[in-house]
Structure formats: C-alpha cells, structure tokens
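Here come two complexes built around chain A, the first alongside chain B, the second alongside chain C.
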Partner chain A sequence: MPFDYRLLTIEMIVAALGLIVLVLGLIAPENKQKGLGPLTVMGFLGALAAAMVLWNTQGTLFDGMFVVDKYAAFFKILCLSAAVLVTLGCTQYVRNMGVHGEYYAMIVFAALGMCVMASAGDFITLYLGLELMTIAFIILVAVNKRDGKAVEAGMKYLVLAGLSSAALLYGLSLVYGMTGTIMIYDIARLVAAGSISPVLIFALVLLVAGLGFKVSVVPFHMWAPDIYHGAPTPVTAFLAVGSKAASFAVLLRLFVAGLAGMAGTWIMPVAVLAALTMVIGNLLAIPQTNIKRMLAYSSIAQAGYILVGLVAANESGIKGVMFYSFLYVFATMGAFVVVAAVYNKIKSEEIADYAGLAQRAPLLAAVLTISMLSMAGIPPLAGFVGKFYLFKTIISGYFWLALLGLIMSMISVYYYLRVCLVMYRDDPKENTPIEVSGAVAVVLLVAMIGTMVIGIYPGPLSEVVNTAAGTFFLH
Partner chain B sequence: MHHAWLVPLLPALSFLVIVFITRPRPKLSAAVSIACMLGSFALAALAAYGVFTDNHFQHRPLIYDVHWFGMQGLNVDVGIYLDPSSAMMIFMVTMVASLVQIYSTGYMKGDPGYPVFFSYLSLFAAAMLGLILSSNLLQMFIFWELVGLCSYLLIGFYSHKISAREAAKKAFITCRVADFALLLGMLAIQIIFGTLNLDELSEIMPHFENYTTAGMMTLIAVLVFIGPVGKSGQFPLHVWLPDAMEGPTPVSALIHAATMVVAGVYLVGRTMFLFTEVEPAMHLVAVTGAFTAFFAATIAITQREIKRILAYSTVSQLGYMMLALGVGSLTASFFHLWTHAFFKALMFLGAGSVLHALHHKADVWEMGGLIKKMPVTGWTFVVGGLAIAGIPPFAGFWSKDEILLATFLEGHYVLFALASCTAFLTAFYIWRMIFLAFFGAEKPENHPHESPGSMTGPLLVLAVMATAAGLIGTPGNPLWQNWIFFGHPHHGEPNIPIMLISTALAAAGIGLAYLLYLKDKDKANARALAGMFRPVYKLIYNKYYVDELYLWFNRKIVDGSARMTYLFDIYVVDGIVNGVGAVTKGLGQNLRCVQTGKMQTYALVFFLAVLVITVALAFTDSSSTALVMGGAK
Partner chain C sequence: MGFPVLTACLLAPLAAALILVFLPKDEDKLHKWVAAAGTFVSLAISLYVYFAYNKELGGLQFVERVPWIKDLGVTYFMGVDGLSLPMLLLTNLIGFSAVFASWNIKNRTKEFFVLLLILIAGVMGTFIAQDVFIFLLFYEVVVIPIYLMVIIWGSSKRVTKEYAGMKLTIYLLIGSAFLLAAVIATFVKSVQITGTPDMSFKGLGQVAFPEQFQIYMFLLMLIGFGSLLSMWPFHSWSPDGYAGAPTAVSMIHAGILKKIGGYGLIRFAVYVMPAGAAYWAPFIAVLGVIGCAYAAMGALAQKDLKYVVGYSSVSHMGYVLLGVAALSVVGINGAVANMFAHGVMAALFFSMIGFIYEKTHTRWIPDLGGLARQVPRLAVGFMMAAMASLGLPGLVSFIPEFTIFVGSFERFGLLAVVAIAGIIITALYVLRAGANTLFGPPREEYNHLKDIQGPEMVPLVVLGTVLVVGGLLPALLFDVINSGVEPIMAHIADYLPAAVQIGGKY
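Let's turn to the complex of A and B:
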C-alpha cells in the first residue's frame, strides 16, 4: 500500500505552522510581533478546515501505529477548536505579558501533540504525542518569566509531569513485557479475560495513575490547582480543555479498546476514582476565593463526570465522553476568556473583585454565568444534556455513581451561583465599564451560543458523535 | 403552506427585536410588532388557503418533523402539524391578534409600559401559534406553559395594582394545578405508548388494548382533560378567568376570550382519539361542559361590571365547546370556537372602548344611552350581542345550533335541555348588559366620546366577521362540516324544530331583558325580582361562593397543614440541609489543608495512591466487589 500522505494532513499543517511561527518569532521585529496571534489563528482555522474536509478519510499508517478514524478526527477538531478560541480570545492578555513568538509556537506544538495523541495506535506514538504536548505546556506555564507564581507553577509541573510520565512509561513497558506488543489493537486480542497476571494489574494501576494525572483524577490531581492558578490564563484554559480531552482520547483507546479484556479488573477502581474525583473536586471548589482556583477544582470535578463514561466501558459511554468533552470546550473557554478579559482590566482574579461585573460588562457576566450554569448541568444548557447522556449510560449498572454525580452537580450549583450572585447583586467598586475587543466578543459569543445551541438542539452533535464513536471498535 | 413554520416565528422574532433593540422607542416597537403580526397573518391566510383548496388535506395532515433529541426509548421531535383544524386556528388567531394589536395602539396610548405590552402580545401570539401547530404533545405542552406565562405577565401588567397582581397569581396557580395533571397524563402516555407524537398516537390509540387496560386509559383521559379544565376555565377551575379581567382590555379580548382560553378546547379536540376510546371520559367532558355553560350563565345574570359579565359569558361559551366535544362533535365545537372568537373579541374590544370613554367606570348600572355618543362602538356591540344570543343569520346562531343538534342527535336529552336553558340565559344577560349600558337614559355625570379610528376600525372588521363567519357552515352550505371533523364528516340533517326552539329561546331572552331593563324605566321589576329571590340572588351574585370555598380550604386545610410542615421544615429539613451544608463546607476547608503547595506532598500522594490501589486490587476479588458496588452482570 502506498504511503497515504493525506492521513497526515492535519499534523503536517500544524507542524508547519509551529515552525513558521517559531522562526517568525525570532526574526520579526518587535513591533511586528503582534501579528503572530492572527497568523496562528489562521493556521489553526486552516487545520480545522482540513480536519473537517477529511472527516471521511480513514486508514492507518506505519503498520497501525498511527490511526486515522472519525474518533481521532473528532478529538482533533475538538482540540483545534479549543486552540482557535484560546488564541483568538487571549491576544490582549498575551500582549500584556510581552511574549509572542515562543508563546504561540508552544501553543501550536501542544496542539500538535494532542492531534498525535488522538491518532495514537501504539504506545510509542501515544508517548510521543503526550510528551510533545506536556513539554510544550511546561514551557507555556512558565512563559511569563517575570511572574514568580508562574515560574513556580512551571517548575512544579515539570517535576510532577515527569513523575507521572515515569509511571505511565513503566506501566506501558510492563504491558509490553507481558504481551510482547505495543500495538493497542493487538493487545486487545492478546489480553483475554480470565488469565490476568498480577503484573498486568500493577501495570494497569500505573497506567491509570499516569493518564489520571493528565486528566486530573483524584488522587493524582494535586498539581492541577497550583498550576491552573499560577499559569497564564489562556494556558490554563488550553490545559483544562485540550490536554484533558486528548488524554481522555488516549485513555479510552487504551482501556476500552486495548484492555477491554481486563475490564472486570479496572472498571471498579475507575468507578471509585470517578466518585472520589467528583466529591473532592466539588467540595474543594466551595471554599475557593480565587476564580481560577475555583475553576481548577471545578475542572477536576468535570473530569470526574467524564470518567463516568469510561466506567460504562461501551459505545454509549464513549459517546457520552465525546459529547461532554465537546461541550466542555465551549463552557470552559467561555469562562476562562472572561477571566482573562477581566484580568486585563482590573488585574485581579479574586471572586470578590467580580462585584457588579454585570453592570460594568454585561456580556462578560452573561457568558460567565451561562458557562458556569452549563458546567453545573442546568437545562436547557449543553451541560445538562451532556451529563444526562453520561449518567444514563451507567444508571443500570452503577446507580450509586450516577446518584453521586447528581448530588455533586447540585453541590456545584452552590459555588457557581455564588459567583453569579457577586456579579449581579453586589455593587461594583468602581463604575468604569470593562470594554471587550471584537475578537474576544466573537469568542464569547461563540462559546455562549455553542453552549445554548447544543443544549437546546443536541441532535446534530449527537449524530456526529454517534458516527465517530461507531468507528472506535472497527479495527 | 410549507412556510407555516414561519407563522409562529415572526411574532417570536418581533418579541426579541422589541425586547433587545427597540424597547426605548414605543412607536417603533408597536410598528415592529404589528408588522410581524400582519406578516404572520398573511402567511397563515396563505397556508389556510393552501389547505382548504387541496382535497388531500381532508384526510391527511401536512406534518414536518425535525428530530430534536433522542435516545433509546425516547425520541422527541419538533414540527408542525397542518390540517384544516390548525389552519383554521392559525388564521383566526393571527387575524384577531392583528386586530387587537392595532386596537392597542389606541387603547394603550401614553402607557409607560407601551413597548413592553407589545412585546408580550407578540410573545403570546408566538406561543399560541406554536401550540396550535405542534406535532406532538411535549412541544404542545412547552407552548402551553409559555402561553400561561404570557397570560400571567399580561394579567399582572398593571403591576402597581394589588388586585392585578393577585389576579395574575391566581390565574397562574390555578392553571399550574391543572397543568400538573396534564403533565402526569402525558408521562403516562409516554410510558405506556412510547410516543407523544400526535400522528402516531392517533394510529395506536384505537388499539390500546395491546398496551394497557381500559381503566388506565380512562385515567389518562381524565388527567389530560384536567389541563384543559384549567386553561379553558371549566368548572371547578373557572375561578381565575373572571379575575383575569384585571389585565388591560385588549388582553382580555385576545387571551381571555378569543385565543388562549380555547387552547384547552383545542387540546381536547387534538387528542380526541384518546377520549373517544373511553366512554366515561366522553361523558365527563360533556357533563363538565354543559354544567359549566349553565353555571356560568347564571352567574353572569347578576354581575354588574361589564368585563365580568363578558368573562362569565366566556366561561359559559367554553362550556358549550366542551359539551360539543363530549358528545363527539369536533365539527360543532371548533365551529363555535371559530365564531365565538370573533364575536367575543368584538364585545371585549367594544367594552374596552366604553371603558376608555368612561375612564374605567365599569358598572353597567352607571352607564346608559351610550349608543348616541358612541355609535360605532354601540352598534358593533349590538351585532356582537345578536351573534352571541344566537339570532339568525349571525354567526353564533349557526354554531350554537350545530352544538344543540349534535347533543340532541347523540341522545343526551338532559344536556340538551341544559344547553337550551343556557341559550335563553345567554340572550338574557347579554341583552341586559346592552340595554343598561347603551340604551335608556343617558347619565349626566358621564361624558363619553367615540374612540379613535385605530380602535373603531378593528371593531368594524370584527363586526363583519361576527355577522358572516357562520355562513360557511350553514345546513345549505356545509363547507365547514366537510373539512373539520373527527373520524369522518357527518351531516346532521337540518332539524327545523331545534332551530326554531333555539331562536325562540334567544328571542325570549332578549324580550325579557327588554321588558325588565329597558321598558321598565326605573327597573322596579328587576329589583323586585331580585328581592323576591333574595337568597338565590345572593348565592349567585357571590358566584356560588366557589372562591370562598377555595379560600376556606386554603386557610383551614392548606394553611393548617402548611404550618405543621413548616415546623417540620424549620427543624428537621433545614436542620439536615444546614447540617449537610456545614459538613460540606467543613470538609472542603479541611481537605484544603492537604493542598500544601509543596511538590513533595503531591508526589507522595501520587505514589501512595498507586500503592494503595495496587494492594486493594491484589487483595480483593473483583466479582465480589462487583456485587457490592454494582455492575454485576
């Protein structure tokens, strides 16, 4: 079979974009640097368009190491959309930081890593994508060298991500040792139910820990609040959405497809971890006074909900994960872009400083409210439908988990609405309006309308998810 | 007619435009609203024309469905359902709504809430049209609630008046009680039949034995019927409708006479297949209708406020429509719905014109001789009076006759007698009002003047409709009967005795009113009659004390039990809730301590967790945990 370059189109576009931005960032004069943001957005939009055009293209490369199916394409579109929104929505924030070239280049390389992860058909590709993404993020977290908090966060992320990678790599090597292959879909055939060695169980735990770190599953979540808090807001947003979604893509491929034979062993600990994640994430969000920290814990809780789809370990569970991950892009991007826009003006991320935001910037307040209500799962917003799909998949087998999810959603309403209360009820400390640039307004409107449309009319996205999830098992 | 979906969309659009853009500019808002409404009317007229010129529609509706959301066992579509009934309804609603909006430009002039008023009217029209065109019960229910919300907003439009606020709450709560039953009925349908799609249900329902028992079917029918009892003001949930007159008069005309209140009738008509399957449910509908018709007519005799009389008359006429449905004649019911919309809107708008002229003096006894100063209002009102009384050839005659005939032919002789009595009473109380208000001696303290053209124009159009709308369903020209029916069209042979009886009763009612209230200058006989039957008069004047009964029930039973549950709530429920809250917050605070900010701690927790999980997995038997934690296959 001739080498089909079309299957690599998206990755090639993104990689080229990254190199161009990197070089331009080095040679372009200082006053031209701000053109890099729009250039990156255009490049991402091009990749996004390519991903949509090539939606129906399927196949494998390098003897199955690189898998292109609709499942991968879906996650690539998701990550690229997040990249577009975050780049477009935070140009002002980045300008204020005073870094350009390396920032945009690293965002692009992180996105490239995510795309590679979505297509990973074996351990090597998986690890390659994962590390590409992680290293890019380590640089991004600490990109603002003058900010001590950011540097500290970058340092922490470097060490902790290293530890988690070690655990993951150890787990992967154990699996290879037991099965003799690194191809995920071959492992599915080799690991049959019944004859599971203790070594494989240990490997399983290491895999859960390594990937659980990336999606911030309790108790492997502890890095998340510090790093989310310390990193520049756009990086936090991209970390919360892109890194998480790509890691979930890998997690599903590895567990539901690769280790399906061991499902009896891993479902139970995953269910317990999902429960723990929901509980800890939501409970710890309550006492937070910093909105980024609050959103960090809320994002941990969201990971707990998404993990429920893994517990289901079937096609409808995968659909639930995909559906939720997609709507999560809009809600999270909406929230973080608001945080960035507000920070540009008032230089604060304390919830108390959001007092009277509804008067100073009605659009920002509205988007933040809609995004948070969607995360809380209030109908008719997207989050409600997403949670509904997720919990419905496990309602017959793991009723207690679904119930816990509902209770935790209720608790989450408390801390989300507290922010709304501050924004809408309290009087502003000063009355100057917070103006929003055109690009940010576009991002906010996209996020808000996306959240509402998916909530009111989930049919089309549900169809797309159905076809994408349908390709998951076809290997 | 493929653009029928635009009919509800245009007013919805105008609502959004007014609320978000044009609200600071009242004139422009009204113009937007009216333009959209007229556009909607044109589209509805086109759709109706398309439907009524294509014989195909006599038996097959046009259905457009879009998949909304779904999953295993539950699929919900949204769509439009266009058949002769809904085509007739959208035509009627858009027409009356357009006229009412034009009328409102005059009536509401100078009101501070002018643009808001028009936005509500638009939203209401959108909701009502959406309800009419719904292709499934869930969609219908959503619009049904939206209509209820608009009704609430518009009744309480003069929110500075306590009575208006109270009336709005009363209407909303009463309807909510009824809607709850409707929701239960719908859930039962979804659970038992697995669909809420009207078209599918009409296919399945005749074979309901495959799904459920007759008893269950009756229960469903009764539950579904309670919704319309609330919305269409049937006894015993009629109490909100007369109070709803606290809203601005155009609202009364549009919502509480011509359109919203017939939503209940329409719903029963749409789900006729459900009722015809169970005999007791049909009887219930018929008896409720006939009783309400009679009951409300007796109350109307004694009332003094012009809008209140009309309100009870609306309740009574809605009873007629229910009666017709209960005896199985969708044709007669919808025919009366159609004619009633025009003459009742006419009379309400006429009453509005009178109130406008007399600066909201509402008591008919304080009016008199208005016809000289307000000829257009007066004579169009007379046309409305003739129509509702059932004098041929006005519209009301043909439709009421159709109902009486259907009741008689179905063998419900008692109900027929009750309905005939009501016809007499109707003529009497309407003409009592007309004679008192428009004829007789003028009152010197009143200085009435004719209303502006924006108000009299709609009156004239409606007067024409009130005269002619019935002519499409006469025995000689049974167009209506050929198009709007349930099952198959049926032509009752024109029954001359029944026509004569109903006409004679109407004439007698008008005659009696004439004798008592116009010929007799000082109304001594009327007073004497009231005095003679003092207890009965008092009973009726106080509306049979239904409101008081509800109040008593509320005060004693509901409040009493509420007090007990209040204590329970304060000490037990709140205790638990606050306790949980405190524990949650406390847990949050304590768990926070683990988040030290030290990397070493994080790494320690990470690997400790790996260890713990490994150990746990190694020492537990996965099948036994599956039993405890769920997921056991």
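Let's turn to the complex of A and C:
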C-alpha cells in the first residue's frame, strides 16, 4: 500500500503552522507581532477545514501506529475548534501579557499533540502526542514569567506532569512486557484470549493514575485548581478543554479498545473513581471565592460525568463521551473567555467583584450564565442532552452512579447560581461598561449560540457522533 | 398539518421577550405593554383552542409532529387533550394577569418582563408537549428565571430573598434529578423491550414494563413530581419561596408551576407506570391527607399573608394528591379540576396580597385591618379568592373538591373523611385572615390609600370572572377534563396486570 499522505494532512498543516509562527515570532519586529494571532487563527481554520473535507478518509499509517478513523477525526475537529476559540478569544489578554510569538507557537504545538493523541494506535504515538502536548502546556502555563503565581503553577505542572508520565510509562511498559506488543488493537486480541495476570492489573492501576492525572480524576486532581488558577486564563481554558478531550480520546482507545478483555477488572474501580470525582469536585467548588478556582473544581466534576462513558465501555458510552466533550468546548470556552475579558477591565478574578456585571456588560453576564448552566445540565442548554446521552448508557447497569451524577449536577447549580446572584442582583460598583473586542465578541456568540443550538436541536451533532463512534470498533 | 396553532401560542411570549431585548432600558411603560401584548396573544389563542376543541372526538387535537432527535426517538410533538387544555388556559389566564399585577414595578422592568415571558412560555410548553423529552426541556427551563426574579425583585421579610430563591431552586432541581433518572431508565428499558426508541407519552404508555420495575420507577417519579407539587414532606420550599418571590412569580408558581407536578403525575407517571401507581396509591393518599391537615394547621399559625396562602396552597395540593390516588375517573377528574380552580384562586389571592403589600408596605396581618372601607375593589378580589379557597358553592373550587371527596371516599373511606375535616380548618384560617385584614375598624394610617384602578384591575376582572363562570357553569370545565381523563383511565385498565390490586401489598 503506498504511503497515503492525505491521512497526515491535519498534522502537517498544524506542524507547519507552529514552525512558521515560531520563526516569525523571532524575526518579526515588535509592532508587527500582533499579526501572529490572526495568522494562527487562519492556520487553525485551514486545518479545521481540511479535517472536515477529509472526514471520510480513513486508514492507518506506519503499520497501525497512526490510526485515522472518524473517531480520531472527531476529536481532532474538537481540539482544533477549541484552539481557534482560544486564540480568537485571547488576543486582548495576550497583548496585555506582552508575549506573542512563543505563546501562539506553543498553543499550536499543544494542538498538534492533541491531534497525534487522537490518532494514536500504539504506545509510542500515544506517548509522543501526550508529551508534545504536556511540554507545550508547561511552557504556556508559565509564559507570563513576571507573574509569580504563573511561574509557580508552571513549576508544579512540570513536576506533577513528570510524575504522571512516569507512572503512565511504567504501566505501558508492563503491558508491553506481558503481551509483547505495543499496538493497541493487537493487545486487544491478546488480552481477550489469555488469562489476566496480576502484573496486568498492576499495569492497569498505573495507567489509570497516569491518564487520570491528565483528565483530573479524583484522587489525581490536586494539581488542577492551583494550575488553573495560576495559569493565564486562555491557557487554563485550553487546558480544561483540549487537554482533557485528547486525554479522554486516548483513555477510551486504551481501555475500551485495548483492554476490553479485562473490562471486568477495571469497570468497577473506574465507576468508583467517577463517583468520587463528581462528589468531591462539586463539593469543593462550593466554598471557592475565586472564579477560576471554582471553574477548576467544576471541571473536575465534569471529568467525573464524562468518565461515566468509560464505565459503560461500549459504543454508546463512547458516543456519550464524544458528545459531551464537544459541548463542553463551548461551555468552557464561553466561561473562561468571559473571565479573561472581565479580568482585562477590573483586574480581578474574585467572584465578589463580578457584582453588577449584568448591568455593566449584559452579554458577558449572559454568556457566563449560559455556560455555567450548560455545565450543570439545565435544559434547554447543551449540557442537558449531553448528560442524557452519558447517563443513559449506564442507567441499567449502574443506576446508583447515574442517580448520583444527576443529583450532583443539580447540587452544582448551587455554586453556579451564586455567581449569577452577584452578577444580577447587585448594582455595579462603577458604571463604565466593559467593552470587548470584535474577536472576543465572536467567541462569546459562538459559545452561546453553540450551547443553545446543541441543547435545543441536538439531532445533527448526534448523528455525526454516531457515525464517528461507529468507526471505533472497526479495527 | 395546518397552521401550527400551539407553536404560535408558545412562541408569542418568546417573541415579545425578544422584542423587549432590543428596546431601550428606560421605556418602562413600553416594556409593560409589549409583555401584555405577548401574553394576550397566547391567551386569545388558548381560549380559541379551548373552545374549538372537539370534546366528542376527544384524544389529541391540534397535533404538530416534527422528528427531533432520531436516535432517541424524540419528536417535537405538540397537542392538547382534555388534560392539557385546562392547564394551557390556566397558564395564559395567569400569565396575562401576572403582567398587570406587576404593573407598578419600577426598577429594571426590561429584565423583569423578559424573564417573566420566558417563564410563561416554559410553563406553557410543559402542558402541550406530548413527548417526555420535550416536556423535560420545558420543565427545567422555568427554574432559572424564577431564581433570578426572586433574588432581584423579591422581598426579604421572614427569610431573605436569597435564601428563599436558593431553597426554591435547589428543592425543585434535586426533585427533578430523581425524575430525570426515572425518565432515562424508563426510556432505556422501553428500547430494550420494543427495540425502537420512542419518547412520546403515548409510545411509552404502550410498553409493558415489568411490574417490579414500574414500582421502583413510580417512586422516583413521585419524588420528582411530588416535590414540585409540594407534597408533604417535600413542601417546605413552598411557603418560604412564595414569601420571598415578587407577586408575579408567586402567582405563576402557586397558580400553575406547581400544577406541572400534578399534571406530570397523571400524564406520565400514572399513564406509563399503572402498576406502580396502583402499588403506591394508598401511600400517596396518606401523604396527601397529611399534607392537607398539616399545612392547614400551619396556615392557621401564620401572621404573614403570603405564608397563609403559601401553606394553604400546600394544603390544597393534598386534595389533588388524594384525587390522583383514587385512580378512578371521578377522582382524577376532581384532581385536574381542582388544580385549575386552585390555580385561579391562588393567583388572584397572590395578586391581591401583592397590591396590599405595595400600598401598605406590610403583609403582617396584625398591622392591617379595615381595608375594605379604604380599598373596596381590592377587598372584593381578596374575599373572592378567600371564598373560593374555602370551597364556597357557586365559585369554581366547590365542585372539584366535592368530586375529589366522592372519588376518594369510595376508595379510602376514613382517609377522605379526615381530608374533608381539613376544609373546616381552611375556613377558619381564610376567614380569620380576611376578617383581620379587611374588616374591623379602619385604620387612619391607611386613609390615603388609592384603590386598585386601571391596569391594576385586570387580574381581578380576568381571574374573578373565571372564578364565577367556572362555579356557575362547571360543565365548561368538567366536560373537557372528562374527555381527557376517560381515555387515560381506560388505558390504565387495559395495561394493569389482572393480578395487581390497587394498593399492592398494603
């Protein structure tokens, strides 16, 4: 079979974009630097267009190391959309930070890592993508080097991400040791055939720990609030959406496809972790006074909901994860872009300082409200349908988990509404309106309309996800 | 499919809300008229639908179906039958009146009416949706506007408005979590049994669910719908919530939102899970009677007018539960009619209390007195609502209550007697509240009060007319309801396994 370059189109576009932005960032004069943002957006849009055009192009490269199916393509589209929104929504923020070239380049490389992860067919590709993404994020978190908080967060992320990578690598090596292969779909056949040795169970623990760190599952979640809080807001948004979605793509591929044979061993522990994550994420979000920390805990809780799809471990579970991850992009982007826009004006991320936002900036308040309520799963917003798809997959086998998830998501309304309370009830301390640039307004509108449209008319997205999830088991 | 009448009815308030968004902030009068126009269109359409509905034919009419989500079997399925019609009409009667009851709102009118219109559309949607998924979409839409309205325009008397708003919201949402779990489980089970996804009430009703499954699911639904209906012991949000809420929200909440609980119980829980309903019926009856008696005595102890009506509405919902629990045509007819009657009465009550509070700045009964001399029209409205509340013959609520007692006496005997005794307590607290507020020597400090006039008269005229007409011509109401309830009960009789006795193992 001749080498089909089309399968690598997206990655090639993104990689080229990253290199161009990096070089231009070094040679372009100071006053031209701000053109890098639009350039990055254009590049991402190009990659996104390519991904959509090549939707039906499927196949494998490098003897199965790189898998291109609709499942991978879906996650690539998801991560690239998130990247577009992040880049668009943060031009103001980046200008204030005063770094351009390296910032945009690292966003692009992180996105590249995510795309590679989505296509990972073996452990090497998986690890390659994961580390590419992680290293880019370590730099991004600390990119604002004059901000002590950001540097501290970068340091923490470096150390903890290193630890989790070590655990993951050890787990992967044990699986290799027991099966003699690193190809995920070969492992699936071997594990299904043979008996399960204790070593594989140990490997499983390490894999859960390593990837659980990336998706911030309790008890591997401790890093998230500190780092979400310390990092520049756009980076936090990308970390919350892109990193999580890509890691879930890998997690599903590894567990539901690769280790399906020993599902009996890992499903129950994962269900317990999901329950813990929902409960602890939501309960710890309640006392937070800083909006970024609150959103960090809420994103931990969201990971708990998404993990439910892994518990189901079948096609509809995968579908639930994909659907939820997609709408999560809009909700999270909406929320964090509002936080960034407000910070630009009032230089504060304390919830108390959001007083009267509804009167100063009705659009910002509306988008933040809608995004948060979507995360809580209030209809007619997207989160409701997403939760419906997720919990439907486990309701007959794990009714307690579904009920717990639904109750916890209603409890989450408590802390989301406290933000609404401050924004809507109080009169603003000062009356100057908060202006947002055109690009930010576009992101806000996309996030708001996306959340509402998916919520009210989920049919089309649901069909796309159906076809994408259908390709997952076709190997 | 002809002109989508029901969708037009649903969209009219939303269109008005959309227009409001683009109006300038300080055009108070204009905001009110736009809101009034939006709700008027809906009211007119629902009146048309109510009287154009063919009772002889029965069944769902004005049907609209559009496939919505294929893999979940969801259709945008709108239609009305004898069960939905009174509720639809009630929604728009109260929605229209609520706009005028809020005529004196001064601050942030634009936001207020946008939220109010969304709220009205949301409630309306639950009553005309014939698909459980679409029903759920509307069911929870209403919660957030209510929260915002309570915290912005509410009042803090005995409890702060923040507390009241949050209590209201969290109670209803946690209840809905149970309901949602039950709906998802029911849906998944129905797909396992039939193989094709179908979320319409009708489709789910034709699935033969195992008896044990029905019993579990019905309990979850009962918790969900029951907490919305303020079923004892899930009622405590209701008095606090009404006290904190602005007038329009109290009217809509007590008048119609609560009724979604009763409506859902009949339309979904009883219809789809008949064996579960039969098993839990005595349990519901007991809870209903406890609610009646307990809340009536609670109302007796209150000195804040809104708390009196708040507890009284919990007590009235006890009758509704009792009627549903009878699981007979007579009982359920009574329950539905009572929901309609109580809705009109509670809305009138709350709007009059709202005016009293606006004018005197107090709702504390010992601080009031003799108002009938100073504000006679207001007093008329208040007394009409009070008389309806105690079930005076000739007003709309007498016959529904009577019907419930007939229906439940057949089934439960002694329990029904206890509930009937509750009427006496009702008379006691309602008459006492009326006497201490309106009669007795007039107080000098209220001599300057202006009686309700102009737009303020609308709630009294609209709701008062319905109170009287519904009382004098009960057939207008009962014929419609009966045409909806009979097929439901026939369906239940068909699907109830022969071995199942009402009351299960009790």
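In the analysis below, the second predicted complex is superposed on the first by the 473 of 475 C-alpha atoms of A that agree within 3 Å, B and C clash if a C-alpha of one lies under 4 Å from a C-alpha of the other, contacts with A are read in each partner's own complex, and residues count from 1 in each chain.
In this text, contacts are C-beta pairs under 8 Å (C-beta built on N, C-alpha and C of every residue); 3 or more make two chains touch, one makes a residue touch a chain.
From a predicted model like this one, the values you see are computed outputs, not experimental measurements.
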>> On the A-aligned overlay, A:429 touches which partner chain: chain B = first, chain C = second, or both, or neither?
In response: neither
>> With both complexes superposed on chain A, which partner does A:466 reach: first (chain B), second (chain C), both or neither?
In response: second
> If you stack the two complexes on chain A, which partner ends up touching A:283: first (chain B), second (chain C), both, or neither?
Replying inline: first
> In the superposed arrangement, which partner chain does A:392 touch: chain B (first), chain C (second), both, or neither?
Replying inline: both
>> Under the stated touch criterion, which partner chain does A:208 make contact with: chain B (first), chain C (second), both, or neither?
In response: first
>> Looking at A:457, would you say it contacts chain B, chain C, both, or neither? Reply first, second, both or neither.
In response: both
>> For A:145 in the superposed arrangement: first (chain B), second (chain C), both or neither?
In response: neither
>> On the A-aligned overlay, A:6 touches which partner chain: chain B = first, chain C = second, or both, or neither?
In response: neither
> If you stack the two complexes on chain A, which partner ends up touching A:267: first (chain B), second (chain C), both, or neither?
Replying inline: first
> Hey, what residues of chain A end up touching chain B and chain C alike?
Replying inline: 385, 392, 399, 411, 457-459, 462
> Can you list the chain A residues touching chain B in their complex?
Replying inline: 155-156, 159-160, 163-164, 167, 198, 201-202, 204-206, 208-209, 213, 219-220, 222-223, 225-226, 264-265, 267-269, 271-272, 280, 283-287, 311, 385, 389, 392, 397-401, 411, 457-459, 462
>> Under the definition above, what is the set of chain C residues touching chain A in their complex?
In response: 67-72, 111, 133, 136-141, 143-144, 147-148, 151-152, 162, 165-166, 169-170, 173-174, 176-178, 180-181, 184-185, 187-189, 192
> Can you list the residues on chain B that touch chain A in the complex?
Replying inline: 66-71, 584-585, 587-589, 591-592, 594-595, 597, 599, 601-603, 605-610, 613-614, 616-618, 622-623, 625-626, 629-631
> How about chain A: which of its residues touch chain C in the complex?
Replying inline: 358, 369, 373, 378-380, 384-385, 388, 391-392, 395-396, 399, 402-403, 406-407, 409-411, 413-414, 417, 420-421, 424-425, 456-459, 462-463, 466
